[in-house]
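Structure first, commentary second.
Should a chain be cited, it is by its letter among A, B, C, D and E, assigned in written order, with residues numbered from 1 in that chain.
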C-alpha cells in the first residue's frame, strides 16, 4: 500500500510514483500478473489450436460417444456386459478390472513386502541377505519387463489338455488358474454374514477387554477368543445348514475348463508383475519404519518393565505405523497406476478398454481425458484420505 | 492450408506413408530394415506418381492405435495400414478413403489338431484380436448372430498378440483374412499345424486414407489406385510398359501420358501413370509380388480381380 | 517404620556388583567393576566421556548384558532368567539423557501405561497415582499435553514421574540434565534433590558437581571402564586420592 | 580525519527507529520502539528470552518487516523500496547466533562471495580482502577449509569476517556467542572487542555482561517488546532505574 | 570380532535362529545349485542351431549370441549397426568422462558435450558425409533407450528445479501453477502421458508445425520425471535452514543469486540419494515406450522373441535385458554413493 507520509528530517521519501517500480509489493504483484497472463495465454493458445485442428480435420468432439453402443466384447467382466452396451459401460468394466487387479496386487504386495521387510532387519544373516538380494532385483528391473516376463511364463504353461494339476483343487494352464469352488448354496450368504458378525463381535470383545482392564486392572487376552469367534461363527452356520460340501471341480471340456473359477493368465501375469515390483519398495518402507522407532523408546519401555508384547503393541507399532502408512499408501497408488500397463499383456483394464474406445471412435482427446480423470480422482481421493490420517495420528509438537 | 499436401510433399522431396509395423505381405521391414509389402508398394506408387521416383517415400510404422492420430495430425501424408474403410471413420475421424485396394473379411487362424472346421466350432473359444480393429466388432457380431460365446483376448502390441496365439493362450487368432497367412507362414513354428477357416464372415475393404479437406491430394490417391487397376485391365504391366508406350490404343496412350494432360490436371507430371507401372507395376504385378503362389504368404486373389473377371476391381475411365 | 529397622535396611546392600566386566567385540568397556549400594544411599558416578558410566548403570537393569561377574539387585541375581529380569526391572526406575518419553501418548498416558499394563492397576487408580507424581514434579497442569509440546526440563520431569509411577525402590539417572538448556537444568536438579531427600536409593551419572556435593553419599569416579575412586563427596572433592581424579576435577570445575 | 569532523559525523544518527511496532498475528513483538544509534556508537541489547531483541535488530536490515513506525539507516528510510533495502543492507553486516556460514563453500569462498557478486569485485581483489579480514580474526590458515571442519568459535569468527568483507559501516550481532562452548566464547568476544575499538558502529544482542561493561556506549534493556531502559553501562549496571531491569540483572549475574 | 563370535551372533544365537539359518541356507544352496546347473553346467553358449538348445537341459545363452543385434539395435538398418556401436562408445565415453570430478570444468565439458551431441546426431541420423539417412522412426534398441534416458534427465532436471522453486516461491500464483502442474501429472500413469504425447500433442500445435514423435515422447517422459523430481528437490529446499536465506540476504544477494549460489547447491546435495533414485526410476521408465511401439531394448527383445525357432528361450532373453537394466542401475547407484561420500568428505 502506498502511504503518503511526507518526507521527514529532509530525508527523501521512498514513495514517489517513479519509485513504484522499486517497490517490493508492486514487483511481486507485477510478476504474478505476468505469470498468470502467460499461463492463461498459453492455455488459450493450446485450446485454440486443439479446436482449430479438430475442426480442420473434421474430427468429432464431445463426450456424446460415451452413450453409443460399443459393439465389442470384453474378456473379463465383473458386471454384466455385452457388445450391445455403451462405451461408458465398457469403460466402467475397465475401471472395475483395474480396481480388482489392483486390489489383488495390493494384498499380495503387502504380504510379500512386509515379510521381506521384516526379513531385511532380521538378525539372521542368510535370511537378511536373501531379502536384500530380492529387494535389489525386484526394484531395479523395470516393472513392464517383469510383467512381460510373467506374461511369457503364463503363456508358456501347458495347454489345458496337459494342465498342471494343483493337488486336485484346480489346474494351472495357459488359460489361467482354475480353482475348485464350492457350489453356490444359500448357506454361503449366511456364512458371509456370520463372518461379518464374528468380526464385529471380536471388535466388541476387544473394547470390552480394554474397559475391563481399565476398570479392574485385569488384563484379558482377547487374541484367541477373537480368532475363535471369527472362524467359529461361519463354521457353525455352515454346520447348521447341514454342511453343504458340494464343490464344483473344474473339468476339462471343449477348449478349456468348466466348473470352478478361472483367473485369466493376463490377470495373473499383470498382478504378479506389479505386485512383486511394489513388494520391493514396500519392504524398504517397512524396514525404514521399523528402524525409525528410536532404540531409546524400547529401552524406556523395558525400564518400566513392559513385556515384549506390550512394547510391540503400545510403543513400537503405533510409532512405526505413523512412519510406514503414508509412503505405503503412495506405493499402493503407484501400484494402481502401474496396473495401466495391462495393455501390453491384454488384460482389459481401464487403459486397455480406453484404448479400444479411442480406436473405435477416433476421439483420442476425450478418451485419454477420461482415463486421466479417473486416475486423478483415485490419486486425489487417496491423498485426501492420507492427509486426514496424518492429521489424526500426527504426533503433537509445539 | 487444406489444399497444400501435394505442395508440401513436393517441397519435402518425399512422401510420408504410414504402414503396419509387421504384417507380412502388406508391410514389414526385412532384417536389413528395408520395407516391402503390398501396401508398401502402393506408397511407392504414390511416390512414383509425384516424383517419378518410387523410392522417394519414407515409411512410418504405426500401431493400430496411433494410425488415425498420425494421419489427422499431419505426421504422415497417406495412411496405408490395413485400414478398413467405414462410414464412421470417413466422418468422425475426418478421413477420406481411396478406392479399396484389397477386399477381405474377418478370418480365423486355428490349430489343426483342435479339429475346428468352421466358425460354429468356436463356441466358447478364447480368441486373440487387436483392439480397435473392425475385426473386434465383426467378431462380436459373428458370434452374437450365432448365439455363441467366446472370450476375447485383446492385445495391442502385434508381437504380443501373435505370441499369445502361437503359445496357445487362444484357440483362434482373428484378423483380416488377408493378414493371417502371413502370421501362419512366418510366426508359427510349423505352418502346417495351423489352418485358416474357410469363408469370409464380414466385409473388410482395405483402403488408403488421407485427411479430409484436401481434394487435390485425395484425387491423386484415387487415381493412383485406378491407374493400377486400369493398367492391369489394359494389359499394361511392368514387363511391357515401355513397349505399350507405342501402343495405338488411345486409352493406353492416355494412361501412359503419351497423349492428354491428365498429369497436369492432377498436379503431377504427365508420365505419372507410366512411372507407377514402370517402377512399381500394375495391380496384378503388385499382388503377385507379395501374395503370388511363390511368395511366403500365398493368397488366392478371390474378389481381388478385375470386374471383367467377376471381381471387384473397377477402375474409372481416365479420359 | 522405626529408626532401627530403617538403619538395618539401609545397611543391607540393595545393589551389588562383583567383578563385572563387559566387552563390545574386542573393546572392554567395563573392567572388573565392584560396587555396593545400600538402601537409601545416593551414589553419583562421574568420569570422562566414554569411560563406561552409562554402560555400568544400564547393566544394572539389563539394558546391556554383562559378560563376566555377578550383579545382585535386592538379593536377586541378574541372569538371563526372564522372571528375575522382570522382577528387578520393576524395582528399578530409569531416567535417560534424552527423556525417551513416548511421543504418541499424552503425559498422563505415558505415566499410566506402566502401572496399568505391568502392575494391573485400574485406570482410575493409575491416573490418581500419575497425578500425584506429576504434582510432585510440579507440572500437574501439563497432564493432557503431548511430550513434544513441553520444554526439555518439563519433559525430563515427566520422565522422572513416569519412573516413579512404577514405585521403584531404586532410581537410575543417566546424565539427566545434559540435554537441557541451562535454565532448565535447575528445575530438574531440584526435583532430583527432593527425591533424594525423600530417601530414594539413587545412582546418578552426572557432571553436575554441585548436585553431587549436595546430595551424594558417595561419589564414584570412572575412567576407561575401571572404577578409579569412590569416596564421600567431602573427601572426593576436597582431597582426591588419585591423580586422574584430580585432573578430571580440575578440568570440570574450571568452568 | 580531523577531530571535529569525526565528532560531527559521530553526532549524526546513523540508525534511527521511530515508534517501531511489529506483530506476529495477534501477538505484538515490538511495541513503539525508539532507538537512535550514532556513528561509532556501540549499543548492547539485553533482556529476557522472547522479549523481541532479535526481532528488533532483524528489522534494522529487513530480515523482518516492521508494520508501524519508521526506520532510517544513513538517512535512507527502510520501506519496501528494493533500491533502499539493497543500499541499506550493503551498509549493514550481520552476525547470527548459528553462524549461518555456507557449508558448501570454503571459508575463502564464503568471504569472497558477497564482494564478487554484489560489489562486483575481481576475484583476486576479493581474495586479498578476504585474507585481510581473516588475518584480522586470526584464522588466515583456515582459508581453504570448509566451515563444518572448524570449531564453533572459528566459525563465528569467519562469520564476522564475512560480514566485514562487505565493508559495512554498521555491524549487528544476534547473540553471537550463545551457541558456543565456554572455551570458545572468549576468542569471539576478543574479536568483537577489537572491532569495537577500531570504531565500528555496532548493535549487539548478548547476555555477556562483561562484554557490555567493557565496550558498550549504551546498554538497552528490552522486555515484552518494549524498550524498558537505555543507559550507559556504569549507570545501567550500577544503578538501574527500573525494577524489571534489576530483577533481570540479578538473575543473569547470579550464574 | 572373531569369526566365531560373528557366526554365533548372526547365525546360531538361539535354537530358532539356528533352525532359520539351516533352512535359509538350504534354500540358498538349492538356488545357487540350480543357477549353476541350469545357467552354467548344462547351458549352451554358442550355436546357431536352435535344435541344439532344445536338446540341452540348461539355459540357451546362444539365443543372445544369435539375436543380440536385433535386440540391441532394433529396427536400425542392419548394415548401419556399426554407427550405433560407435555412437554408444562416444556416448558412454562422454558420460563416464563427465562423471569424474577432476573433469568438472564447464570450459571442458560444454564443448565436449557439444561435440559428442553433434557426432551422435550425425551418426544416428546420417544424411551427411555419405552416411545413409535414418529417420527416428527406425531408431531402436539400447541406443534408443540411452537417448530417451539422457533426454529425460537433461531436459527433466531443469524443469524439476524450476517447478520446485515455483512451488516454494513467495508468489502465490507461481505456487498455485506449480502445485497444480505437479500434482496433476503425478496423479496419472505414465502411459496416459505417453498417449497424450503420441496422440494428442500434435493437436496442441498450430497447423503445419510438427514435432518429431521421438522428441515428443522424450518430452513426455521428461516432464513426468520432472514432476516427481520436483517434489524431491522441494524436500531438499525445505531442508536448507532459514538462516542460509538470511545470511544471503544480509550480504544483499538477489533472489537468483541466493537461489543459484547458496540454496540450490545445498538442497541438491541434501536430497542427492532421492534424486538418484528417481533418475534410476527414469531409466526404468523408458521401457514404457513399448506401449506406443517405440523400439527400445525391451520392445526389440519381445519382437525378437517372435521368432518361432527361438521363442522357447524367452527366459534367457529377458534375463539378458534385466541384466542390462540392473547393470546400468547398479552403476548409477554406486556412482551416487560415491558422490555422497565425496560430499560428506567435503571434496565437492
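One rule holds for everything that comes next: a contact is a pair of C-beta atoms (placed from the backbone, for glycine too) under 8 Å apart; a residue touches a chain by one contact, two chains touch by 3 or more.
The UniProt protein names, listed by chain, are A = ABC transporter permease subunit; C, D = Amino acid ABC transporter ATP-binding protein; E = Amino acid ABC transporter permease.
Treat the numbers as computed from the prediction; the structure is a model and nothing was measured.
Note on connectivity: the fewest chain-to-chain touch steps from chain B to chain D number 2. Chain centres here are means of the Cα atoms, and by that rule the chain farthest away from chain D is B. Note on chain C versus chain D: their Cα superposition corresponds to a rotation of 165 degrees, in steps of 5. Each chain gets a centre from the mean of its Cα atoms; the one farthest from the centre of chain C is B.
Centre to centre, using the average C-alpha position, chain A and chain B are separated by 44 Å. A straight line joining the Cα centres of chain C and chain E is 55 Å long. Centroids built from CA atoms put chain C at 49 Å from chain A. Each of the following residues of chain B touches two or more other chains: 1, 65, 69, 72-73, 156-157, 160, 163, 167. Each of residues 199-200, 202-203, 207, 290-291, 302, 305 in chain E touches at least two other chains.
Within the complex formed with chain B, the chain E residues making contact are 70, 75-79, 135, 137-138, 198-200, 202-203, 207-208, 210, 213, 290-293, 302-303, 305-306, 308-309, 311. Residues 53, 56-60, 71-75, 82-84, 148, 151-152, 154-156, 159, 174-175, 254-256, 265-266, 343-346, 348, 352, 355-356, 358-364 of chain A are the ones that touch chain B when the two sit in their complex.
By the touch criterion given at the top, residues 213-219, 294, 296-297, 299-307, 310, 314-315, 318-319, 322, 393, 395-398 of chain A touch chain C in their complex.
On chain D, the positions that touch chain E within their shared complex are 58, 61-63, 85-86, 89-90, 92-94, 96, 98, 100-104, 113-114, 117-118, 146, 148-149, 162-163, 166. Across the interface of their complex, chain A is touched by residues 1-2, 64-65, 68-69, 72-73, 88-89, 91-94, 114, 123-126, 128, 131-133, 136-137, 139-141, 143-144, 150-157, 160-161, 163-164, 167-169, 171, 211-213 of chain B.
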